[in-house]
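Here the chain labels run A, B, C, D, E and F in written order, and each chain numbers its own residues starting at 1.
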Amino acid sequence: MHIKSQFYEDYELGVTRQTLGRTITETDFVLHAGQTGDFFPHHMDAEWCKTQPFKQRIAHGTLIFSVSIGQTASEINPEAFSKGYDRLRFVKPVFIGDTISTKVTIAEKAEDKKPGYGKVVEHVEVYNQQEEIVMVCDHILLAKRKQGEQGNSDF
Amino acid sequence: MHIKSQFYEDYELGVTRQTLGRTITETDFVLHAGQTGDFFPHHMDAEWCKTQPFKQRIAHGTLIFSVSIGQTASEINPEAFSKGYDRLRFVKPVFIGDTISTKVTIAEKAEDKKPGYGKVVEHVEVYNQQEEIVMVCDHILLAKRKQGEQGNSDF
Amino acid sequence: MHIKSQFYEDYELGVTRQTLGRTITETDFVLHAGQTGDFFPHHMDAEWCKTQPFKQRIAHGTLIFSVSIGQTASEINPEAFSKGYDRLRFVKPVFIGDTISTKVTIAEKAEDKKPGYGKVVEHVEVYNQQEEIVMVCDHILLAKRKQGEQGNSDF
Amino acid sequence: MHIKSQFYEDYELGVTRQTLGRTITETDFVLHAGQTGDFFPHHMDAEWCKTQPFKQRIAHGTLIFSVSIGQTASEINPEAFSKGYDRLRFVKPVFIGDTISTKVTIAEKAEDKKPGYGKVVEHVEVYNQQEEIVMVCDHILLAKRKQGEQGNSDF
Amino acid sequence: MHIKSQFYEDYELGVTRQTLGRTITETDFVLHAGQTGDFFPHHMDAEWCKTQPFKQRIAHGTLIFSVSIGQTASEINPEAFSKGYDRLRFVKPVFIGDTISTKVTIAEKAEDKKPGYGKVVEHVEVYNQQEEIVMVCDHILLAKRKQGEQGNSDF
Amino acid sequence: MHIKSQFYEDYELGVTRQTLGRTITETDFVLHAGQTGDFFPHHMDAEWCKTQPFKQRIAHGTLIFSVSIGQTASEINPEAFSKGYDRLRFVKPVFIGDTISTKVTIAEKAEDKKPGYGKVVEHVEVYNQQEEIVMVCDHILLAKRKQGEQGNSDF
């Protein structure tokens, strides 16, 4: 975790970064149920799950989202802030013992109505140990423009 | 937490449900950092935060998303499953000691390409104790159609 | 979790409710030891347990009590409050991986010395996945009487 | 935590032991909600509690029971086992920041139908920092008799 | 946990005490990563570990140190305080499922520059279930001298 | 967290790195007691602490050690491994609400008896928000030599 300034102009389309892996454990399921209050049997009742199509407990969607976004939290960019996420999709279930890693690609850059800022879209893909995509989403950042710094953002 | 079947046809546009409140504590911040590995100073360093615009630690976006979605997890509908989320936006920061509750409105119903299913959009709004919206998103469900049950979904 | 008023007169003898199941995990053992400070080898030392009659770690009694009572916490009744518990008995051990569910039966209604209130006894039974009872207790509630509302409880 | 054999005959009526204190924190509330799934607003919603008689969040009964019984878990007696608890009563609410300690008194010794064992009742009292009793219960132990050891329990 | 005064003169060279055992679980790994922020793949990525010499996840050194020192925390001595630790060495890796216990030996007594106090060195050895040493360190205590109490420590 | 090879020759005496800060919370105290089983009143009993010289709860030494070492865990060096720690000293108490950061200095390089490796000593200093040192230790690493790579470490 460290601080590194990156302006709108510094983001390059197509550039990717890839996190290390992390095994999703039964502990993560139990802690996430405890944090969210979601004790649905899909996540917490191994006996009931045996009667369901997936035959075993599946991770909360919010767990996989939280852990994967957490995996990408390595660089603090004081010139940008997170606006939110689009098109979050849970593509495949994650089971206890699966290992996930996250890949981020600079997918889009665009004008934004906020003066002095530009919009950057990071496309996020979460992979399991079989290299299958289990989750995707688009992270929307607003990043300061360099000319914004120079006080001439209104030319 | 209980099981209640609800088919595509059973969802009525404009119907809302509202959760009880929950106070977001320093403990939630620390547990969420521990679950996600995101120890950014925005959430974890009270001294640094004093030098920032908000003057205090702010909640992880993924914490507020996880807790609020967890708040809505009271009824298990075996006829529907979650596809994901759209337009997730963090509208205002949540601080230690804020109390959040979540309101869900059936906002949209639409055809879906998956045979025998229809798409239902739940609009999710998270409020703090000043009745300010702090987070919004759209939850995308696919719900079985009743005629799907009757085996004549292909007429 | 929702709020529903229920007066003394509304409780019907013999009525039961049954929770969904929850698998008791190694994580629950470790978190409960951490919360209570009870690190007895019966719960925490798998090697020592191999030398004991049950051959494996057994759950803290207070863990099973806490989780099962938690399972029943779905409806908030503003007209009643909990006085305590009688005849709490740990009938069979609960092991890591067992799945428990809880059944509550309205077992007794009686006069109480608190004016305007009646005593309701909920008999609580906790089952494992083999339908064996592992724990029982009687939950003592005091519930407001309807005539109490009408201000004529002293006739 | 250590092992010390104590037979039925070794328990002396009136003997007491007293634990050290422990401050019940907001963290304990949040962890206990997470372990049990009981997110009732009495324990978790500081805003709602302001509108209630106690004006602040109150501890789960099962939290105080679990922590106080945990406080007494210092000596492992291989000659006795716990059968359960009677007359568990929550006498006063416990608030965030209260400090509790637990006093155990050997209150009763009696015959038991289990051959070679006697019944011992430990009366448990939990105090807050104002020396007020907040919880009581009776812990029921079955302890081996010494004559049981000598093989003449059937005389 | 109890209080027992022990002065410098009361520590006898060669005296040992041995804790009970505790199984180190996957939960402990996950909680320790969460507490420390150390999510290195050595502890958290089961897939990557398969490609490494030990073939499986290994415990954080700080986890084994914290748990083993915690195991020795049974007696509070108001006459002594901890100064720190020397020669802390991680001799063998600890894996998920290993059971550790800790042995403390009074290894050295010496003069100390702090008036009225003497230095006591406790040698700490941590064993796994195969009786192999996995960690060692020397705990440095300063303990009050009895003559210090009598006010004549400077004769 | 990323991987970066660094050989013995790459470590330069006097080079330092400094982590960001982290506020030590009451939650950290409670979680650390839960992980270690150390519920000593110095850390857990706010009332008793009022009667002691420091007037408030103080952090477990093992908590500060674990968190500060965790703070330094940002770069994985596959060419080195940790042997242990020397001269770990708790210089000042850490209280709830203090914010700590950690500074690492390459303090010593030396021959080691392990063929192809050299010893590197990282001096670790932990600071609070008043820039006071609260903990120090020396981290002992063994790092592969570059000539070791070239197969001529035995000249």
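A few comments on the model shown:
Heads up, the rule we're going with is that contacts are C-beta pairs under 8 Å (C-beta built on N, C-alpha and C of every residue); 3 or more make two chains touch, one makes a residue touch a chain.
Bear in mind the structure is a predicted one, so any value in this text is a computation, not a measurement.
Number of steps on the shortest path from chain A to chain D, with steps defined by chain touch: 1. For the pair chain C and chain F, chains touching both partners: A, B, D, E. Computed centre separation for the pair chain C/chain E is 39 angstrom, with centres defined by C-alpha atoms. Computed centre separation for the pair chain A/chain B is 16 angstrom, with centres defined by C-alpha atoms.
With centres set at the average Cα position, the gap from chain D to chain E is 30 Å. With centres taken as mean Cα positions, chain E sits 45 Å from chain B. Along chain E, residues 1, 20, 22, 26-28, 31, 34-35, 37, 39, 41 each make contact with two or more other chains.
Chain contacts in this assembly form a complete graph, since each chain touches every other chain. Within the complex, the chain F residues that touch chain C are 31, 33-35, 37, 39. Contacts from chain B toward chain D in the complex involve residues 20-23, 25-28, 31, 97, 99, 129. Interface residues of chain E, counted against chain A in their complex, comprise 26-27, 30-31, 34, 39, 41, 44-48, 57. On chain F, the positions that touch chain E within their shared complex are 1, 22, 28, 31-32, 35-41, 60-63, 65-67, 69-71, 73, 76, 82-90, 137. Chain contact summary for the complex, chain A toward chain F: residues 1-3, 19-20, 74.
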